[in-house]
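Some structures are shown below for you to check.
Shared between the two complexes below is chain A, which has chain B as its partner in the first and chain C in the second.
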Partner chain A sequence: MKILSEDRTRLLFEKLTKYIGVNVKLLIDRPDGTYCFREKKDRVYYISERLLQLAHTVKPDHLISAGTCFGKFTKTNKFRLHITALTYIAPYAPYKLWVKPSSEQQFLYGHHVIKSGLGRITENTPKNQGVVILTMSDIPIGFGVTSRSTTDCRHADPLATIAFHQADIGEYIRSEDTLV
Partner chain B sequence: MDLVNEILEREQQKADKYKPITVEKHLDVEFDIGTLVAFDTNDLDSKLMKSEKDRDSYLESLTRDNTQLLLNKIWELSTERIDEAIVVRLPQPTTVMPRAKPVPKPKPLTKWQEFAKAKGITKTKKSKLEWDEQLQKWVPLYGFKKAAAEKEKNWLIPVPQNLDPMTDMYEKKASEKSEKVAKNELQRLKNIARARKVKIPRVGIPITSDKASSTQLATATSVAKASTASLGKFQDKLPKEKDARGKGVHELIPGKERKRKLPVPTPAAEKENNLSIIDRILKKRPKIDMEKAVSKHIHEEQVQRSEEKRSMKPMKGKPKGKGNATNFSAKKPKGGRGQRNPNKKNPGRKRR
Partner chain C sequence: MGRKAKFDETKKVKKGPGRKAKKQPDPVFKKELLADDKEDKKLSHRQKQRAARRLKKKKELTEKRKALKEAKKKPEKDTEEAVSALDDETPQGFTDDNKEWLKPKKKGLGKLKEIEAHSDESDDEGLGEDENDASSKDDDDSEQEFKDTKKSSKENYKVGTLDDLFNDTDDEQDETLDNEETGDSNKSYNSDSSDDSDNSKDDEDEDMLPIEKANVKLKQKQKLDKKLADEEMQLNIAKQDVFAFPSEEELQNPTSLQDVHQRVKDIVSVLNDFNRLKEEGRSRCEYTELLLKDLCLYYSYNEFLMEVLMQIFPVQELIEFLEASEVSRPITIRTNSLKTRRRDLAQALINRGVNLDPVGKWSKVGLVVYSSTVPVGATPEYLAGHYILQGASSFLPVMALAPQENERILDMCAAPGGKASHIAAIMKNTGSLFANDANKERTKAIVGNFHRLGVVNAIICNYDGRQFPDVIKGFDRVLLDAPCTGTGVIAKDPSVKTTKDQKDIQRCFNLQRQLLLAAIDCCNAKSSTGGYIVYSTCSILPEENEWVVNYALKRRNVKLVPTGLDFGTEGFQKYRHHRFHPSLKLTRRFYPHTHNMDGFFVAKLKKFSNVIPEPFKDEDDEEAGQENENSESKEAEQNGDDPEDQKKTLQTGVKRTAKPNTSQPKEKKQKTDDSTQPTTNGNAESKNNQKTKKQKNKRKNKKGQKNEGQGNQTKQEDKTIEETKQTIKQNTQQDPKTIGKAKIEKSNEEKVQTKSVVVDKANENTQPNGGISSGSPKKKNKKKNKNKNKTNVQDQINKNANKITDNIEISAAKKLKNNNKKQKQIGQLNNKKDKPTVETTKQNTQQDIETKGKAKIEITNKEKVQTKPVGVDKVNGNINKPNILPSNESSGMSPKKNNKKKNKNKNNTNTNIQNPINKNENKITDKLEIAAAKKLKNNNKKQKQIGKLNSKKGGKEGIKKNLNKTKAKG
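Now for the complex of A and B:
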């Protein structure tokens, strides 16, 4: 568990602000304890200071993961958010997108959200904005990036992609071995 | 008779001088003729061993007896006569002798040998002579008479079309050959260095090929930029420039020693640091997002229009003044469906 370099910290926060905007501060500035980001094998973990101290007692070779995996740095040094971060991102996300029950499964299999599957969307969502995707019963099921703004959505044809798939909870099964 | 007695006496004396060749033993002595070794497993006479006087003579006689037995055993083998000397061919030794020196370590494999082993490539033996169709004779693979054959074969080398017609193909060939030799020599030295675990300095960015790869160029720019007195601190950056990355790049760039581990700050300091980074990121975002502003504007317009539509709907049934003829305008009649702006002042009837 090593500390993230300044460069990587910046990349991480830039990605997080795409989804939760100014609420990133709330992840760091918590009243219930100090939380920090740590890196292990290019994967970034969100971990409380208390847990981190306990994790230090484990030999680094034997430690697989500690805390919550937020994502990983690719070989080209880009940060990719994992679905495991959803529990921390979903409550803070200002922009949300609800999918109809009929296209929930489509999304959970890793497909983009198309207009016909769009149930609701936050007003004034700009283009290329990171959004949390929820079911109509307000259960977060993944992340996406909008390909059209809310206003453009109105005029889009039913098969047009509204949000690009980034991560979904189906990955817990699909890519079980590569997630953490 | 005297003579006979004399001879007999002499023989007796001779016999007394030599001990008999047969030796009695309690337990049979074990032999390893191959290494000329006999193992006597009989007990030593402890009484004789303890006495100062007789110990040496006892051991001496014991050694003689055992040696006698060993020689008896050797004489049992088939003998040969080579150059007036009787010799014996010893069988294979059965005793395993420990080495005086450690077993020599196997020679470290060269890089190619390692690769070939991993890939399962085996060396195929090439014949020393090869039939040359062009010369119609046997030409050696290398060495004596090879160069002469080459010279005879390449009396004329055509210049390929993609090359400058004035190129000296012989010179080119020679330089290619010398380059190959140099490369081989370098690899040989590298193999030696690797085997002896000597650290060799990096050669730097290869400039041999005329087409450098993008990574090589990126490394070259990074190195060049950092090669100032201030280690490139005040060098401008291109808009999308990235630092060179990869294995061994850090060692090339002056003043950029790779740090193994960052010092871990205190939790409070780390939090402070993270918050400042977040602030910087949030500040960097443009105040006015054009995309957002445009979409917001479109949205407002749409809302306004829909509201208007709603408010206009009850007007549909209202009588339209003097009728179609008087309501003449430049625009195409829209049948009461056109957008009407109550704020807009009507400039009056247009006359033609």
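Now for the complex of A and C:
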């Protein structure tokens, strides 16, 4: 558990901002204590300081996870957001996209969201914006990046991709071993 | 899927709240479909009118019929037949007699039509074609008419055709059909439209309506059926009463599983009322053994596990348990209260086509899934972490733990994180939760589940639970769901049935004990809110549950507190030979057959002090050790994976070896009792001795017989004296050299016998000395030597000393002091054996003997030496050992030396050989008495020397020399 380097912190926040915009600061300034980002084996964990103190008692070799894993830095030093971060991203995300029940399963198997499966989308969503994807019953099921703005969506082909798949909760089953 | 009709009135479907959760009303069925409730309906006005008319018509009809009959009585049967043939054309039912010659096809057709008519609720088809007009009129109210059975007398009659008669009978047929539906057979009771066809019963049936006839027949048939059924029942009962114990062949060639099952049932019934139902000459044991085998066969358990289960449950309950273990429990899910509420979840899942219900009043988060059209483990709700698949029994330990917010809690064996996430949910993600598991692979499942369920206050780590106190302590609450044999979840994993044996259970409970102690150590007794430890397993074996808790109660400052679970059965306070702490009734057991959840055990402990009491040994520990030893001592290497286990076995091994010493004389006594019978000789005796010793080696668990054993020593001496007599006799026979002296000895025999009484008393006096010397072997035993024979030797040395003292008592009171001194010396020698210096002193004494021996060992020594080889010979005859060597070894017995030699055989021979030596000594003392009081001094000296010799390594050589001397002198 080490503190993130300046460089990596910047990368992390850039990525987070893509999804939750200015709400990033809500992750840092919390009323219920200080929370911080820590790095372990290139994985970034979001953990409260109180818990962090306790986590230090565990030897690094024996520590599997502490707090919430947000994602990892790839070998090319880019930050990739994991589905495990959804707990924190979903409530803060300004741009959302709802999928129809019929295409829920498709998305959960790792497919992109196509126009025909699009149930609803936040107005004024720009192109290439990180969005949280929800079912029609408001259950967050993953996140992705829009390939079209809201206005373009209206005129899109039924089979055209609206949002690119990035992570979905199906990974909890599909790739439990490589989750973190 | 979908709603179930409320067929069963006892089950009341609760009205659920919410938009979608609101229960649909029960489906309404058309009244016609409900077969019952036809009698008590109120008739409408028109129906009443119709009924009245019908009655009137009937009367008319009967009159008509009578008239007809009278008219027809004269013509012969053929006309009757013609009439019945006419019946045949109009497809209606037939009488029994008709049935015989009627073609089945037509009959079937007719029937079919009737049924059609019945089900279509329009009787037109069944009736003559000419009635269509009439029936069309009735169409309006035909529905109503069909509600009751008396429906079908209609306006048809108004037409007043000849067919009236047939119409009527047809209607009646419907009635009879109704009857038949409720009755058993509907083939033979078709109404006979032609009453005439019933020739035989014509007279009686004359004034009977067809339906009445049918009724009579039906009743007769029912009577017959009932009679038959009763007879059959009687037969069955008779069969049941005499459950014959199967013969050997039957047992060896089981015919089918059904038979075995039947036999199991029979045996259970026999065992339930054993006194009445048992077969003469059969014991309960035989029945239970047979039951055990049959159960093993039928449910495919291994015998060990079945035996254990039979010890836990009474027979009837055992069967229930086994049956329940075959069936898997319903799937239960736990709502993740961090993300959703149970009501919302239930609603969402119902929308997905899942049929579920709350698990019970005791849980606010559990749901039982009865059936589902979608995989419950892969719905979007599941993936979003709204619930987790978890057995109902897994809620219990967490409920017992009762976590509070802002506490620090440890789950020691957390994978796959079900219970730990439950704890986090109850804490509402506050405080901190350590989820530990020893298996790194399985910690991944914890990570997955925690992130899915949104648990953010957790630290997941991978330690061996036993090491956890070294990592971090001071938890408010600790949950230990220990790894176990899984005998409570046989339905989930049937491999348990065949794979588990004593060793597995031992491994489990040893690990569980260590884990529980570690868990207790991790807990902080001074916590303001907590200080609780919950121990749970999914096993039902008391070895893994109550015994483990009992162990912890003795070793840590903890006490049992109520679990807070208001159901479940109380834990055992006693199980077989175990007697647990009475507070163990506060623990809870859950069984598949009584609680419809997996077999489970929950105990809640409160830690009241952080001080760890001094480790001590107690019976509990010993028993564990003994059991360990019984099976594991042979397999110590196999079991070597757990070093502490081994240590334990070693320690207990040390303890154990000391015990048989004390119990040994008793055994010997019994054996020697046999040997003292006149027919036995020395050889037999020595054989017996050998046997006893072997048995002693085998017997390891005897304990607490120290006192008895010491008491028996004295008795034993009587026998040694007697033995001496016998050996003396033999000596006289076999050894010509000793004949002369043996005669003297014979004369002495009587004296010895008389003295032996005194010897007993004397031994009581001298016991303290014996105590000292017998105390020393215990120390020596710690040298990992399982040979107990050396202690035998020492006992005998003590006895020798005792005898000597007795003799001296008799001779003079004054010499007792010397005697005591000798004994002390002997005791000292014995005590010294551990010390390295002893060897040197021994050497010195040996030299003394060599020098003094020449002068002082005179006549007596001769005898001694002469007689000795004979006794040894006999012994050696059994043992195939060189004559003198072992005898010398034994006479010069140094236990230490023997200890070093781990040769059991040798030790056996040594101890066997000791007896003759004792005898020799007796003889020596006897002779001394005879010789003179003056020689007593010498004698004492010699005895001293003997004592020294016994304690010496090099005694061998000394005796050899003595031998040579005496021979030369002789």
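To be clear about the criterion, the second predicted complex is superposed on the first by the 180 of 180 C-alpha atoms of A that agree within 3 Å, B and C clash if a C-alpha of one lies under 4 Å from a C-alpha of the other, contacts with A are read in each partner's own complex, and residues count from 1 in each chain.
In the analysis below, a residue touches a chain if its C-beta (ideal position, glycine included) is under 8 Å from a C-beta of that chain, and two chains touch if they have at least 3 such contacts.
Given the structure is predicted, the values throughout are model-derived calculations rather than measurements.
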(message) Clash or fit: chain B against chain C, after overlaying the two structures on chain A?
(response) fit
(request) Have a look at where A:Gly170 lands relative to chain B and chain C in the superposition and call it first, second, both or neither. (result) second
(request) Based on the superposed arrangement, let me know which partner A:Asn77 touches: chain B (first), chain C (second), both, or neither? (result) first
(request) Report for A:Leu63: first if it touches chain B alone, second if chain C alone, otherwise both or neither. (result) second
(request) Give me the angle at the C-alpha centre of chain A between the C-alpha centres of chain B and chain C, rounded to the nearest 10 degrees. (result) 80
(message) Once both structures are overlaid on their shared chain, how near does any Cα of chain B get to a Cα of chain C? Whole angstrom is fine.
(response) 9
(request) Show which residues of chain A both chain B and chain C reach, each in its own complex. (result) none
(message) Quick check on the complex: what are the chain B residues that touch chain A?
(response) 245, 261-262, 264-265, 267-268, 270-271, 273-275, 277-278, 280-282, 285, 289, 291-292, 295-296, 298-299, 302
(request) Using the touch definition up top, name the residues of chain A that touch chain B in the complex. (result) 2-3, 5-6, 9-10, 13-14, 17, 22, 24-25, 28-29, 34, 36-37, 49, 77, 123-124, 126-128, 149-152, 154
(message) Which residues of chain C touch chain A once you look at their complex with the stated criterion?
(response) 348, 377-378, 380-381, 383-386, 408, 432, 434, 440, 443-448, 450-452, 454, 456-463, 471-472
(message) Which stretch or stretches of chain A touch chain C in the complex?
(response) 46, 48, 50-51, 54-55, 57-59, 62-69, 83-84, 87, 104, 108, 135, 137, 139-141, 169-170, 172-173, 176-177, 179-180
